[in-house]
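Here is the structure we will look at.
Chains here go by letter, A, B, C and D, matching the order in which they are written, and residues are numbered from 1 within each.
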Amino acid sequence: MMAEPILSTKGITKRFDGLVAVDGITYEVGDCETSGIIGPNGAGKSTFFNLLTGYHRPSEGQVFFQGREITKVRSYQRVMIGIARTFQLVSVFDTMSVMENMMLARVRQGLEYRSKGRFFFGKLRTRRLEEECFQALETLGIADKAETRTADMSYGEKRELEIAIALSLSPKVLLLDEPFAGLSLVDIGHISEVIKKLRGRFTIVIIEHKISKLMDLVESLCVINEGALVCNGNPQEVICDPTVRECYWGKEDMVCY
Amino acid sequence: MINLIQSLLYGLTIGGVLYIISVGLSLTFGAMGIVNFSHGLVYAVGAYAVYTVAKLLGAGYLLGLVAAIVVSIPLSYLIERLVIRRLYGQAIDYAIIATYAVLLIGADSLRWVYGASPLPISDPVGVLWTFGGLQMPAFRLIIIILSGLIFIGLNLFFKKTLVGKIVVAGLQDREAVRSLGIKVERHFAIVFVIGSALAALGGALYAPLSTLDPYMGFEILILCFAVVIVGGMGNLTGTTIAAFALGMVHSLTAVYIVSSAADAAVYVVMAAVLIFRPIEA
Amino acid sequence: MLLSVDNLDIHYGHAQVLHQASMSLTEGELVCVVGRNGAGKTTLLRAIGGFMKPSAGDIVFKGEPMSGLSLEQVAQKGIKYVYQDKRVFGDLTVRENLELAAYPTGESMDSAIEKLVAIHPKMKKLLDAKAKGLSGGERQILLIGRALVGDPQLLLIDEPTEGLAAIIIGEIVDILLKMKSKITMVVVEQNLATVARLADRIYVMKEGVMAREITQREIIENPSNYEEEL
Amino acid sequence: MFAKIEKNQALTLGLIAALFLVYAYTTSLPRITDFIIFCIFVMGFDLLYGHMGQLSFGHMLYLGAGAYGCGMFAYHVSPNPFVCILMGILTAAGLAALLGQVVVKTGGAAFALLNLALNEVGAYLVLSPMHRITGGEDGLSLFFQSYGFINFGDSVFRFYFCLAVLLLVAFLLLRLVRSPFGNLLKAIKEDEVRARFLGYNTYLYKYVTFIISGAVCGLAGALTSVNLAYCNTSLIAPTRNVEVIFSALIGGAGSVMGAVVGGTAYMTISNYLAAYIVRWEMFLGIALLFFAFYFRKGIWGYARRA
């Protein structure tokens, strides 16, 4: 059913001082697929994400990208081979303008600065880079904010900027960590639209807490509970799965059923 | 062999003094995230208090020790109130700069009063203890015993007293202590004063083994920072072990290599520790 | 009216996480706050508990405005907060944990221990154990017991059942039900089944706004309406 | 107005040059040469502190390495001033490259204190085990070859030479902090993890910055020994670290212009006012407290915003 997976894990486990945060997850996501990861609070979603991006080293198991093992590849190198991420708490650089934020990401990817000398002594902004960054900002609809200082933006706009920054890293896989957290309804709608627009261009993996937000966004859904992968498949099937309902609505109480 | 045992005993002396001084430093580090350079000032003031009372007034060393502690209490209270308390939650560099400024002001005041030239204090006991071929000034033994007593006393303090327990809890989770309705900062201030009194005691104890000068606090402070960094900031057990281990390094280097290299050896050990266990703080 | 919260705004830096949130409590009530992650439930609770300063709005407790009071002062007024992530003082024993709670309130240790044992008799054996060795459920019980010391008038409990095994969740819920008649509580909870058992009234929060108030009955009769909210 | 000046590189450099020329010819040329060299030191230090956000409490080590690298080469090998200065820079940069491996892995308090400890070790090495080549406590008296008008014995030449070096360093640093690299430094200062997730090996860039900073401080050290025609242990004394920290703070950390303003301000106070200030260190301490509590943006930081 699934094409050759672009990113996959095999029995990946992470322990913190004896506490098992992620327990032997085997997961894969196909090229240009949009996939969601859901699970209750503290289920290990974020830890799993951190293992994918290389922020944590797994205690056991492996991570593969395009058929190559990347378990030991460092986080910044993973970005370079095409795994970009956003953070649950929006993190953009507040001391810089929107454009400078974009440049920082773009320069690392762009061909413009293959020469080391220009990286250290060249101009921060060149016309070509600026155009590329504008394009990414336009996808998010915040091109008019290019010269604003990030600190003066609203939270929703920062979230958009964060996604724009991730886009300018030319990702093959884009990992979004709770992209809707802390946003107003209007902003949530906006971000959903953006994700829909991007869908199919590259692989997108979204962590979410709430199933409904993802239902019409993703092609596959996987559920993590207590560090383990509970269920993986088509969103419609997943939401009807009894084990999933159990971990969301509690076990022993029948009031809900 | 005798030589080795003797230098180990000397190491215990230095370790003991380092321990006495480092405890306060480690607590301010761990509990409040502040690098406290003014600790070195209190140390120097302790030494000068002994000098004043024992030598200038001729009232004896024991009374000097008492004076050192008595003087350190209002001094450290003022430092806590006027400087440290304003640095809670601030960037670490401002804490370093501000407490260093206090050290500068204090050291210059000491120079103003006592002059810049080094002042000696003689061994207050003056008895040489011999055992087999072993020779050891009794005063050094007293230091070792005293630091042992302080170790036991501090452990009892943290285990048995309410203030101690509040600090132990606060080291782990300051906010949770506050949410019980306890004014944590006030209790930390008590511990700050206790830590400072110990630093003054350390200065008073170490003074007869070295000489006094207004900047003496700076040198010893870097050694104590090494202790705190090696032992883990705010980790009391780690601080204890590190103090004695680095005391040994200090003394063994002094005996077997060259005495002037002792401080440097401690820093090299500290750097080596940091290679294997990088600290972000 | 024991507590009233009026039009509370809260910002984290530039992000506004609470928009004009209002709620009220009468004495003896147990009110649940539900809503998805990031809806502002914990923020609301922490604001009432004095952990954060609202940028606008009032919190009035027993007719007294709480704004401007420090965390310690709020706690001493009788509002106690029970942490979400089971933050007990790990290096202290259970007894010492209680001792710290008893100290500012002036309650005797005997009655503090009695309160803890009353809600969970098994804790009697664990009094001298280091808190870091306790299981998740035991920690939660210790946290609740610790908060009860000094007879607070209002308990703020943040996700008491999160991350616990089903059996222990049942126990915690029983404990809360037992306490219900004696003390006013605000409980943040994600599990609708638990909410349905506990709550007198239920506030639903959504994107930092108090979306609406519902009753226990509505959840029991038609849970699927509210599954969406979580 | 000040913000505009700072944006224009040529104007900034011109202003620095004009400021020092006027200052030198209204007061004393040799003294202002000291000021200029000190400003170079502050700029090197501030690259780490202001731009990258790491406070080093031991940068006298790199000043000393530059001074002794230059001085020892002049004393033992060749009195060619340019080769000597180059040797000073290389010594400091090499030392930074060696120690940076360890130092850069730490952060915050540990970073500051480890640097201080290493400075202590360096000062000890120069004073005692290496005293045969460093001259120990007495230091080394130096002589530098002159070639026609290039005469380091002449204070006027030294002034213009140091001014030219200052302008060159300021130019390079301005380019550096306004390049993509400078932007990255700002990013690392704000949130290192985030910068790593833009694909940057932040450890490497911190290491590179540490070496550049060491090299600039080494250059300042080399110029000091050329200017003074001697080098001694005061050029590596750990207790003098406060001078450069204070200068960066009063000038306004995180700006090349701020470093120049701070360096000049500090040197002016310590050279001209110290005679009237009886308790100099006390004054310094009180001033430090004032700046650390109430005036964190520094002189240039406030001027720029006004």
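Throughout what follows, contacts are C-beta pairs under 8 Å (C-beta built on N, C-alpha and C of every residue); 3 or more make two chains touch, one makes a residue touch a chain.
Fair warning: this is a prediction, and the values are worked out from it, not measured in the lab.
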item	value
Labels of chains that are neighbours to subunit C and to subunit D	A, B
Greatest separation from subunit D - chain, by CA centre	C
Dominant chain pairing [most C-beta pairs in contact]	B-D
Intercentroid distance (Cα basis), subunit D paired with subunit A, Å	43
Euclidean distance of C-alpha centroids - subunit A vs subunit B, Å	49
Between subunit D and subunit B, distance of the C-alpha-averaged centres to the nearest whole Å	32
Pairwise chain contacts under the document criterion	A-C, A-D, B-C, B-D
Subunit D-facing residues of subunit A, complex	53, 55, 74-77, 79-80, 84-85, 87, 91-96, 100, 103-105, 107-109, 113, 118-124, 165, 169
Contact set on subunit A toward subunit C in their complex	40-42, 90, 151-155, 158, 178, 180-185, 188, 209-210, 212, 248-253, 255-256
Interfacial residue positions of subunit B with respect to subunit D in the complex	29, 35, 83, 86, 92-94, 96-98, 100-105, 107-109, 111-112, 215, 218, 222, 225-226, 229, 233, 258, 260-261, 263-264, 267-268, 270-271, 274-275, 278-281
Contact footprint of subunit C on subunit B as seen in their complex	162, 165-166, 168-169, 171-173, 175-183
Subunit B partner contacts - residues on subunit C that touch it in the complex	49-51, 70-73, 75-76, 80-81, 83, 87, 89-92, 96-97, 99-101, 103-105, 146, 150
